[in-house]
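Data first, discussion second: the structure below is written as structure tokens.
Chain IDs A, B, C, D, E and F follow the sequence of writing; residue 1 opens each chain.
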Amino acid sequence: MDTLDHPAREALPIGHAVWQAVRADAVRVAAQEETLTAFLHETVLAHDRFADALWALLVRKLACRIMPAERLGRPVADAMADDPAIVASAAADLAAILARDPAADSALTPFLYFKGFHALQWHRIAHWLWGKGRHDLAHFLQSRVSEAFAVDIHPAVPVGRGVFIDHGTGVVIGETAVIGNDVSILQNVTLGGTGKEHGDRHPKVKDGVLLAAGAKVLGNITLGARSKIGAGSVVLKDVPPCATVAGVPAKVVGWCRDDAAPALTMDMSLQQADYSI
Amino acid sequence: MDTLDHPAREALPIGHAVWQAVRADAVRVAAQEETLTAFLHETVLAHDRFADALWALLVRKLACRIMPAERLGRPVADAMADDPAIVASAAADLAAILARDPAADSALTPFLYFKGFHALQWHRIAHWLWGKGRHDLAHFLQSRVSEAFAVDIHPAVPVGRGVFIDHGTGVVIGETAVIGNDVSILQNVTLGGTGKEHGDRHPKVKDGVLLAAGAKVLGNITLGARSKIGAGSVVLKDVPPCATVAGVPAKVVGWCRDDAAPALTMDMSLQQADYSI
Amino acid sequence: MDTLDHPAREALPIGHAVWQAVRADAVRVAAQEETLTAFLHETVLAHDRFADALWALLVRKLACRIMPAERLGRPVADAMADDPAIVASAAADLAAILARDPAADSALTPFLYFKGFHALQWHRIAHWLWGKGRHDLAHFLQSRVSEAFAVDIHPAVPVGRGVFIDHGTGVVIGETAVIGNDVSILQNVTLGGTGKEHGDRHPKVKDGVLLAAGAKVLGNITLGARSKIGAGSVVLKDVPPCATVAGVPAKVVGWCRDDAAPALTMDMSLQQADYSI
Amino acid sequence: MDTLDHPAREALPIGHAVWQAVRADAVRVAAQEETLTAFLHETVLAHDRFADALWALLVRKLACRIMPAERLGRPVADAMADDPAIVASAAADLAAILARDPAADSALTPFLYFKGFHALQWHRIAHWLWGKGRHDLAHFLQSRVSEAFAVDIHPAVPVGRGVFIDHGTGVVIGETAVIGNDVSILQNVTLGGTGKEHGDRHPKVKDGVLLAAGAKVLGNITLGARSKIGAGSVVLKDVPPCATVAGVPAKVVGWCRDDAAPALTMDMSLQQADYSI
Amino acid sequence: MDTLDHPAREALPIGHAVWQAVRADAVRVAAQEETLTAFLHETVLAHDRFADALWALLVRKLACRIMPAERLGRPVADAMADDPAIVASAAADLAAILARDPAADSALTPFLYFKGFHALQWHRIAHWLWGKGRHDLAHFLQSRVSEAFAVDIHPAVPVGRGVFIDHGTGVVIGETAVIGNDVSILQNVTLGGTGKEHGDRHPKVKDGVLLAAGAKVLGNITLGARSKIGAGSVVLKDVPPCATVAGVPAKVVGWCRDDAAPALTMDMSLQQADYSI
Amino acid sequence: MDTLDHPAREALPIGHAVWQAVRADAVRVAAQEETLTAFLHETVLAHDRFADALWALLVRKLACRIMPAERLGRPVADAMADDPAIVASAAADLAAILARDPAADSALTPFLYFKGFHALQWHRIAHWLWGKGRHDLAHFLQSRVSEAFAVDIHPAVPVGRGVFIDHGTGVVIGETAVIGNDVSILQNVTLGGTGKEHGDRHPKVKDGVLLAAGAKVLGNITLGARSKIGAGSVVLKDVPPCATVAGVPAKVVGWCRDDAAPALTMDMSLQQADYSI
């Protein structure tokens, strides 16, 4: 149960800063809200390191009768021990949510309560298994994540750091998609295939892209860096970097104005005239 | 376990009429369908009053290993005892479903089986907690509701009476949104922010509005009373009272013709010529 | 516990071929992936016949404290014994997924892991109950399926063979809808009513139709055989056979070019010029 | 789930009379004691026949995460279908308890609440498995019974009809013991081996024997018909029929006076002068 | 969930002193032993009053699938509210254990860990139900206590204050027994009937009696105040006050020498010469 | 989850021989008895080393809602890593059972099914905690073991190797007792204190002692090496080495005749004339 003790003894453990923030919030809340005290001890205060707490959180979320915690925990521990980028990316994701979401009023909230965060961290484990050729266990995890969080990401998909899946329900990402760094994805977004071939058939999402609620992006196309995909859009062609697209089918309706990537500001607004009623 | 015994001893208890209808259906079904008999005794027939049954239903739906029934039940009981409008609104919601949904063929069905109803009643508890400054427990409940029912409503959102969330999957409602009375909301509706600022940034939905499946409404805009938002629409500007809007971005395509609010008739049709193929 | 032993003793049992393929995959994976070995024994290797394994899978997926396996299993067994088409349709659905989905790399994967498949097979049980006049138990099952898989199909809906509900999250199908054979339905598709009347008010989907992600089809209209409904479309009028429609509201943007139904190729592409950005 | 439907369709089912008594009590109690209503529906009122209810009771009592109801129920159903004496003996045991125990004030009480009864019926299943050469599953059941009820009977032991294990805690019965008909066994009774050899090394208990609390009977000796073994006795030699023995080591202290076997009257008294303080 | 709030608001709540001791120990241990922190918050630290904590402890210990916490908790709350002697006796029992048991090194230990204590407090609830004529629910509880703790006390038995059931396994106490104050009962003690009649047929245990391990006391006899029943004894006749009895059958082997009742000193020794090997 | 990987990598792991025997039996049974296949994979076949399997077995046996596997497993892993004698003693215990018990017909049976074995191995963990000053967690484990297996051993008690607790129900061993090597203890044996003082007050059991069913041994006395304590005896004074004692109070009735310790032959017979009826 303690395998997570090995890495990074010498230096500060991965995710140290964000974990200190989560723990500080938990200390405060455990004292104020008695209903949550035992829960917070188990989920946060019992763990000195982010990696330990993340491991326990993930296992607790998906363990079930037919895949109990003692069995489910092993591949998670193996993945975290083998690839430190898994825990580091999780810490970056958590920091990203805190920076972007006005509703995340404490570091505790996204760690414990955002199912998009939970789904993405499980995906990182499944993706590690996929890379090791353990496709069947990876599919098992994909399936449990889809049941538990309504987020369905194929385990083959590489996902960058600082990614925020907000709300999560209905998100579907297909086998040959690629997700860059600093991307924000809202509920009911589909990154789908066109079904025409068995090869490379899903979107490539570059750094800093914002995919607003309900956007459907289909086929082996590229969403350029810092582009913004409007809510409810259907995107069937490449989107240039920095462009804002909207509509069914989506057209360019604007461009990013300054240095801030739309994924970081979470600005869902669409500037073009055509978008006034 | 019995705190719910206090209010309204002298008069008929809140929700008396609708509860008598639910119980009568349960008596009939318990005699006909043996597979459900024990279930109906536990969920309906054991309870003389609507408030007791609602309390037990809510606790049963969200209790889990890490937040067992005996702990989870307490804030629900506290909220119901403190604010009788919670139970009264739930009774009004149930009556609204019976009046609006052709598929709700018995009073039993929505009470026991409609996860949109369950999610909304839990939201009323979370919103009460939010009002008391207990934000952390409110977020805990929001998170469990999102996992269990795929409905994600920020606990700060005030919601009126007679509201019907139909099917529920994928509904997301942001922090500064406001929902009036007699509103109907279908699956995959988003009432989202534009992300530009941390202040008031979500829609205000007036009385009698119908939000059809998959509608995305973004920003601090107002949906006027008795307006109808077409399925799959993306709404970025205020909608006048009584207007029907549709499209991406949404435009006015019609007006309500008579006294009945579209939320009450659940009429999803769109009258304008442009909406013929 | 053994009711499933009666039918088809003399000939090969229903679903024999697909079950042999599933078992062969399970044997291979059980030897390779220790984490899954016990799980595969319980779910696949313990069962000689597809019907037995399907029964056990369905019961395991929905059993809960208030409806334990020993009670829930009975109507499933009754339905399967009474109507052999239930198991046969499940086998056809499984074969259809294997033929259509590039990501289903083994016969095991969709059987164990595709929640759209699980939801559809439960729907077949609920629909059998509905036909027997056991509406209350049917609604119970609809509700549990909606909670567990985020797929909400009214039990009155007849569904053909070879149907593939891919990913499943957010799919809603209303009371008077009809689904033909060889149909493919993606996530967040709504087949909704217009709410104007209590009678026949939902879409009729003919054989071979493909409904891409997020499509909303509303009212008592017909989607002609082999038509394709583009992602994010809102369809309010009949669609001719072989047509491809897209947009909000949806318009015809193409026609099927050859013999293959779009539901079988899963080709989500839209050919018309208007669909270039 | 329905295998129990086959035997005895034409005549009254096995255990009909005692089951009618249990059901009548359950109807009365379900109306009086709301806390038990759902429980009684699940355990008694849902079942028309004794065999069905017994099957469900046994499975519910021992099912656990690692041996869920759907797997555990199969051998029970097989045993009951193969050997009607199992259910018939259970009915005789239940009738025996009602005749003998002053504290069994309703037919419902021993069926639902006497763990000695539950343990014995599970033993009958384990013994059937043992006879079929399925020793490993029999040992599994012996172990679960010992954990759940603190009654430890080796599955090789044949047990007659009308046997009453009262209270049950601490009862241990070794591999080569034999138990006749109409025997009563109280808590903490041991029928042990002397350990000298691997062959026949445990007691043979004839019809109508009463074994009072804490009696230890060791070795391949015979307890004659209608003998009485005093509380706390240690018996190392054969006991003649009709004798009452007591003490450490046990000596004959009396003889049965009339026709009633001590096991039937449950008379624990010891008549000899030596037994006055 | 909050019914326990009513009694004794004005004065110190029942069990205040012992509860302060338990809480103080829990605060200390929660800080030292991380594995127990969440457990101690749920079981002790979340409760200001002994009655609340006792209620939660009892419900948690016996709740199960078929009798969930929300249903089981109600009669416990009713009993505690109706008869304050239940909580007061529990507090006296706890204080008694602390005074008598050298191994109870903190107030926390018997409250949380002594199953004899848990069984006795559940018995007090069952006895209250028995007195209200709710015999069936009382038998249900007796049965669950026997399964969970291997302690089997008929619910009709009145039990005094300051009673200590040490270890508990195998204790059986029959229907017409009576237990006084300040009694100590060790494992495997039987207070049995002689089975001769249906009326008054079990022992009467006066104040201050010590029943050592494995003692069997049979019939409607009286164990005089401050008597001591030696381990493994079989007692068939009245025992005079202050006497020490031992043997099979038990004989007087000594008398209490000073004011201390043997139940309070827990002195199991036997003074007579006959008891030297 | 993998902490158990550290010790003894270079040589054969502890318990290698007995584990190979257990695994071989499991392979055979998993192929023969389908009902047990998944169970055997989880409990035996998934583990290459005895230590891993023992860890998983112990955690699975005692994990519960309030102390889930992920928390309970940690001190077990810590103890096993810190003191290799724990696993080695368990292996010796298992070998001892196989040598002594005629009913243990495969190496699998005692490992999986003997609750005396399970209780003793948990005691070894609790005793390690006691030695580290973690008395509270040790008491927690003692309590859970007493509930789950009806075996109650104070965590302060040192226990030797090759110890066999047969059947286990009702065994109680007090705080200052000491158990040597190669001891056999049957059901309902008490090693109790006389309660006179708080210091050293429980029996010292030397190597090779056999304690037959229901024996009560009280006070700070010594049971000499290779002595035999007859069933139902009450022992209050020292027992010489090699002596057989029996009776209430116990007297010497024989002496061991050859080299074999009675604990190894499990010979419960008593040779003296006085022990003929």
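Here is the rule we use: contacts are C-beta pairs under 8 Å (C-beta built on N, C-alpha and C of every residue); 3 or more make two chains touch, one makes a residue touch a chain.
All values reported here derive from a predicted model rather than from experimental measurement.
Visitor: Common contacts of subunit A and subunit E?
Guide: For subunit A paired with subunit E, the chains in contact with each are B, C, D, F, in label order.
Visitor: Could you tell me which of A-E, A-C or B-E has an interface matching B-D, in the sense that over half of the contact pairs are shared by residue number?
Guide: A-E
Visitor: In angstrom, rounded to a whole number, how far apart do the mean CA points of subunit A and subunit F lie?
Guide: That gives a centre separation of 49 Å.
Visitor: Measuring centre to centre with CA averages, how many angstrom lie between subunit C and subunit E?
Guide: Whole-Å distance between the two chain centres: 58.
Visitor: Let me have the rounded angstrom distance from the C-alpha centre of subunit D over to the C-alpha centre of subunit E, please.
Guide: Measuring from centre to centre gives 28 Å for this pair.
Visitor: Which residue numbers or ranges of subunit B touch two or more of the other chains?
Guide: 38-39, 42, 46, 60, 68, 71, 74, 150, 169-170, 188, 214, 232-233, 248
Visitor: In their shared complex, at which residues does subunit B touch subunit C?
Guide: Where subunit B meets subunit C, its residues are 29, 32-33, 35-36, 38-39, 42-43, 60, 102-103, 105-106, 108-109, 112-115, 148-150, 167-170, 186-188, 212-214, 230-233, 246-248, 265-270, 274-277.
Visitor: Which subunit F residues qualify as touching subunit C in the complex?
Guide: These residues of subunit F touch subunit C: 34, 37-39, 41-42, 45-46.
Visitor: Hey, which residues of subunit F end up touching subunit A in the complex?
Guide: Interface residues on subunit F, with respect to subunit A: 1-3, 5, 42, 46, 56, 59-60, 68-71, 73-74, 77-78.
Visitor: Under the touch definition given earlier, write down the residues of subunit E that touch subunit D in their complex.
Guide: 66-67, 71-72, 74-75, 134-137, 139-140, 142-143, 146-147, 150, 152, 154, 169-170, 172, 174-175, 188, 190, 192-196, 198, 201, 214, 216, 218-219, 232-234, 236-237, 239, 245, 248-252
Visitor: Quick check: in the complex, which residue numbers of subunit A touch subunit D?
Guide: Touch residues, subunit A against subunit D: 65, 68.
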